[in-house]
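Across the two complexes that follow, chain A remains constant while its partner is chain B and subsequently chain C.
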Partner chain A sequence: MTRFLKFMQSAPWSARFGMFVIAVYVFVAFFVPVLAPFGETELVGSSYQGWDSTYWLGTDSLGRDMFTRILYGARNTIGIAFVTTCLAFLLGGLLGFMSATLGGWVDQLLGRFVDVIMAIPSLIFALLLLTIFGTSVPVLIIIIAVLDSTRVYRLARAVGMNITVMEYVEAAKLRGEGLWWIIRREILPNAMPPMVAEFGLRFCFVFLFISALSFLGLGIKPPIADWGSMVKENAALISYGDITPLLPAGAIALLTVAVNFVVDWFLHKTSGLRDEH
Partner chain B sequence: MNAILTMIAQRLALGVLTLFIVSLIIFFSVSLMPGDYAEAILGQAALPDTVRAFREQLGLDQPAYVRYFQWLGGVFTGDLGTSFSSERAVTELIGARFGNTMFLAAYAALIAVPLALVLGVLAALYRNSFYDRTVNVVTLTTISSPEFFLAYVLIMFFSVGLWNGSEMIMGGFFPPIANVSDDVGFWERVYRTTLPAVTMTLVIVAHMMRMTRASIINLLASPYIEMANLKGLTKSRIVFKHALPNALAPIINVIAVNMAYLIVGVVLIEVVFVYPGLGGLLVDSVSKRDIPVVQGSCLVFAAVYILLNLTADVLSIISNPRLLHPR
Partner chain C sequence: MSTKNKTREKGELVLRMRGLRMEGQADGEWHEIVKGIDLDLHRGEVVGLIGESGAGKSTIGLASMGFARPGCRITAGSIEFDGTDLMQQSEDYKRNLRGGRISYVAQSAAASFNPAHKLIDQFGEAAVQHGVLTKAEADRDAKDLYKRLELPNPDTIGYRYPHQVSGGQLQRAMVAMAMACKPDLIIFDEPTTALDVTTQIEVLAAVKDIVTTFNTAAIYITHDLAVVAQVADKIMVLRHGNMIELGETRSMIAKPKEDYTRELLAVRTYKKEEFAEANDDAPILKVSNITASYGKGITVLDDVSMEIHRGHTVAVVGESGSGKSTLARVITGLLPPSQGSIEFEGEILPSALKNRNKDQLRRLQMIYQMPDTALNPRQRVRDVIGRPLSFYLGMQGQEKETRIRELLTLIELDPDHFIDRFPGELSGGQKQRICIARALAAEPELIICDEVTSALDQLVAEEILKLLQRLQNELHVSYMFITHDIATVKAISDEMVVMLQGKIVEQGEKDVVLTPPQHEYTELLLSSVPEMDPDWLDDLLARRAAGEVVSTIASKPNA
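Moving on to the complex of A and B:
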């Protein structure tokens, strides 16, 4: 515990700020029903009311409380992005480590497949797939997870390649350990630091991607409170010089900046690069 | 020299192959659609006869591979079918908007590329200075922000203005909507698309500038630069005369990759600014499930993207001094 505290104290101000912001977001996401003054989809007033003491940030086009919906957005938007990233890592990481360990035709086949998927811009590919499968949350999660797992695959394979040539992996193979055992007990622990950093970056990417789709009206749809679609719903207010629609977008930006700060520091730490001594 | 030509020919062949596979994916992914294509368009309540007639009209009674080759043939002869929702030819819809998208992308690139190079070289020159740190934080922020956030912030400050309770402050410099039609003159068009172009610039300058900085700093660590240093050359001479020519290959690569990103990123920006480009058309068609238009515009986007990545590949081969002067 003291070592952990010491480690935290060594963090620069940007990383501390990042961790603080992430902690606040996670706290809000967990305790939103207690924190929010109204219900997520509750119609509480007339449409587009200004900021006052009851409706802290005014109301939206249907008369729902903006502040409440921003709080709920933390749960929905971050939750969906997090699940998607986990799925992408499960898929991409597993296949990547498998490619690295097995080599041969499995590696070739998966590699070429990933090349083709990555040749199509992911936003365009996602739009095509959403046209075909329709836009619902589970479909959205699966499509983005699959598209994003190609990038995870590349990294997992590259990292795994460096580990599979080690003597201890060879020893495990000679002992007759199975593929799953080798991946879980030998490769995964050694591949952890770059994969964790990548998780942060991929989360940012997925989070921005889902927000963009929701903003286009093709991602998470109302009445679910989501930051991307909230910007779209209330964009009309901008032409009156009202900054309220920008707050959900700002919330997205703040979280991604925070995660980036932390990842930056983490990469710096784990790659052994240190400016200060 | 021959080695280079072979490598370029290989890359080109690979590019053509990729395009072919991508066209296969774009065409056949539609057949993954749950249920029948015609039923999906006409709705569940349609009479069986209507569905059959519609299927024949679309040519759906033929096997998929025949339809694929018909579609592919159409791609080369400029016939991508007819839009479901507007009854107009897909090529006509795409053609009108493709030019607009290219205009916006080129405009953004013209601002972004020189700016990124200058900022990147300066950041590498004055490494760890106040300027370098500031640029680092600012670019990290613009990379992390959603494009539509940057777009709306720019709209607020430069076009609509802010409401401070009693009056509007700022604003009024540029129109909030990039509304261009064919009769708009060139300079008027430039003026109206300034805000979208600046938004795109903010996004891609960050990437390009960071890569420029990184590749120059990387080079500055190499022995021949140390030699130049020991000879007592000035810092600017070392960077411009010794480091920059060798850093050109990675920088050109980054520029081409970012151009590819630009073409795709334009989708969101076009929607925010209601700009009549290909991205706006694609998003509209996705929400209407107008499949021929979606297929057509996806193909155009994918082709441009692949071409630009191919250009990046070829340019980085050509600008590699080790390949240009083989021993």
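Moving on to the complex of A and C:
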């Protein structure tokens, strides 16, 4: 615990700022029903009302409270992006480590399959699949997770390759350990630093990807509050000089920057880079 | 090149180091790693820096060029090169000296050459860059030096790429490259450590010849006193950044003043007391007519047969590429042989690892050369030793804990201190002990030791050998000891097997193999091991030139 605190104290201001922002977002996501003044889909006033003391950030095209929906958007967008990234890492990581450990035709088969998926632009591929399978939240999560796992696979395989050549992996093979044990106990703990850093970056991309899809109308379906679709729904207001539609976009941008600050610091720490004096 | 040579008078002071102190960074804190070193170096003089890892020898070597590695800094003292204090000079000035008037020969030539360029182009690069030579002059010089260093085909070898020549040749090409600008000072940083003994001789001879011919001053860094005794005029013994002793080579070898120097000198004299009696019992391991290859066509092992008896130590000796490690891979099942069989305690072992059962795996354990990579850095000592206990023997809870502690005590590490440590918190020797404990935890009949001492400092290596011997006496385990180091063989083996290019050239009881008459390769191998005698190299080269001893063997293509 003290080591953890000491580690935290060594963080530069950018990383501290990032951690603070992330903490606020997570807090909001958890306690949104308590914090929000209105219900997520509740119609509370007429459409496009200005900022006042009741509706802090005004209302949207249907007369829902903007502030409330931004808070709910934190829960929905971050939650879905987080689950998607976890799934992508589970899938990509496992297959990547398997490729690295087993090699041979397993590696070839998985590798070429991933190449094929990566050859298709992912936004177009996602739009295509979403049109075929419909746009419910579970489908959305699975499709993005699968598409994103290809990139995780590549990293996991590359990192895993460097670890499988170590003699302690050979020692485990000689002991007669199974594939699962080797992946979980010998490779995974040593692959953690780059994987954690990649998790942060991937999370940002997934998050932006979902927002982009929502903006295009194939992401999270209304009336669920989501930052990407909120930008789209209220985009018309910008023509009147109202900055309200930019606030959800700002929320997306801020979180992305915050996560990147933390990841940068973590990467710098774990890569063992030393500043030249 | 000729103008500068005229000023080369032997005995002129080249390097003068006073009160050098350096610090290195670890875990964000600065620790002093060189603690006040004085060093004088004259033209034509070779000073050997000797000590164990962490003694600061490489750091001092680099400091003589006014250079500190990233994470290191020079905190005090002066380094005068040819009368100029390098500490006061700009980075540009120092960069001009390096490669021009001071050059550096690194331990691994293979890692220091750019694999994408021909040797001769790399030879002239620094000289042409510094404006000392034109490309044509550089090429001519290169060929002269290649000839002088007795590289084969000196006129054409420079047009090869680094991977097209052998390790010893590459190291000699690197010595030649260091001479390209006719520097005043050369720093040799363990130039022979990564080489086989027979190639080491070639490089040592090259170094000695170059230094005497051109009256160059040199710093020779190594951990091997016998090696440095061949080339150095003076030896400086270092430990933990302090100078322990400085003296003329001959007088130091003959009469060391300090205890630590005496310890270093006494190294490699360990011998086990009782050798196992030859017996007619059934062998524990019987390898018959093994032929194995990697991929298609490249045969690495050719008709290899050997036996190991219970409680015996069999040393497998050979140079890199002789197939000794491959033999271990075949026995452990990592590389199924194309022909031949392996019998273990009377039963035929399945050739592939995955077809062997748990009990067959348990009885055959392995210890690796590099304890750093053989231990998972994210597993505590408890888990490393505990895993074979639960995996093979089904031990759990208190029983397992007790056994782990027993094993730690057995390998002479205090359980309370070490059981919860990560490998990163252990020294090299301690790590190797943990590897031994991991192998012992499986209660094996045979342990394959693959170069287990060659990555360790000599004093530590000797402790490990003694430990292995004690364990054999107590537990009657057999060892197959793979090594290239004849001293190790002499110390602990009962029988030995000499391998060359995938074939066994000689095998039998150690004393029989070590006593002439021998196979010419065995003789070459034995005669190439440096001795603690400053005249050894000169004598040997003279005797080889006169044809009294084998200098090369016909079947060895890279010599």
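Couple of notes before you dig in:
The working rule: the second predicted complex is superposed on the first by the 274 of 277 C-alpha atoms of A that agree within 3 Å, B and C clash if a C-alpha of one lies under 4 Å from a C-alpha of the other, contacts with A are read in each partner's own complex, and residues count from 1 in each chain.
Throughout what follows, a contact is a pair of C-beta atoms (placed from the backbone, for glycine too) under 8 Å apart; a residue touches a chain by one contact, two chains touch by 3 or more.
Remember, predicted model here, so these are calculated numbers, not experimental data.
Once the two complexes are overlaid on the shared chain, A:G228 sits against chain B while remaining clear of chain C. Looking at the shared chain after the overlay, A:L218 reaches chain B, while chain C stays out of its contact range.
Once the two complexes are overlaid on the shared chain, A:T84 sits clear of chain B and of chain C alike.
Of the two partner chains placed by the overlay, only chain C lies in contact with A:E186; chain B stays clear of it. Of the two partner chains placed by superposition, only chain C is touched by A:E177; chain B is not. In the superposition on chain A, A:E167 contacts chain C only, with no contact to chain B. In the superposed three-chain model, the partner touching more residues of chain A is B, compared with the other of chain B and chain C.
Of the two partner chains placed around the shared chain by superposition, chain B is the only one that A:A249 touches, whereas chain C remains out of contact.
Shared contact residues of chain A with chain B and chain C: none. Those residues of chain A lying in contact with chain B across their complex are 14, 115-116, 119-121, 123-125, 127-133, 204, 208, 211-212, 215-218, 228, 231, 235, 238-243, 245-246, 249-250, 252-253, 256-257, 259-261, 264. Of all residues in chain A, those touching chain C in their complex are 10, 166-168, 170-171, 173-177, 185-186, 189-190, 274, 276-277. Of all residues in chain C, those touching chain A in their complex are 25, 28, 70-71, 73, 332-334, 353, 356, 358, 361, 365-366, 368, 370, 373-379, 387-388, 391-392, 438, 442. Listing the residues of chain B that touch chain A in their complex gives 18, 21-22, 25-26, 29-30, 32-34, 137, 140-141, 143-149, 152-153, 155-156, 160-163, 168, 171, 176, 260, 263-265, 267-268, 271, 282-283, 285-287, 289, 291, 294-295, 298, 301-302, 305-306, 309.
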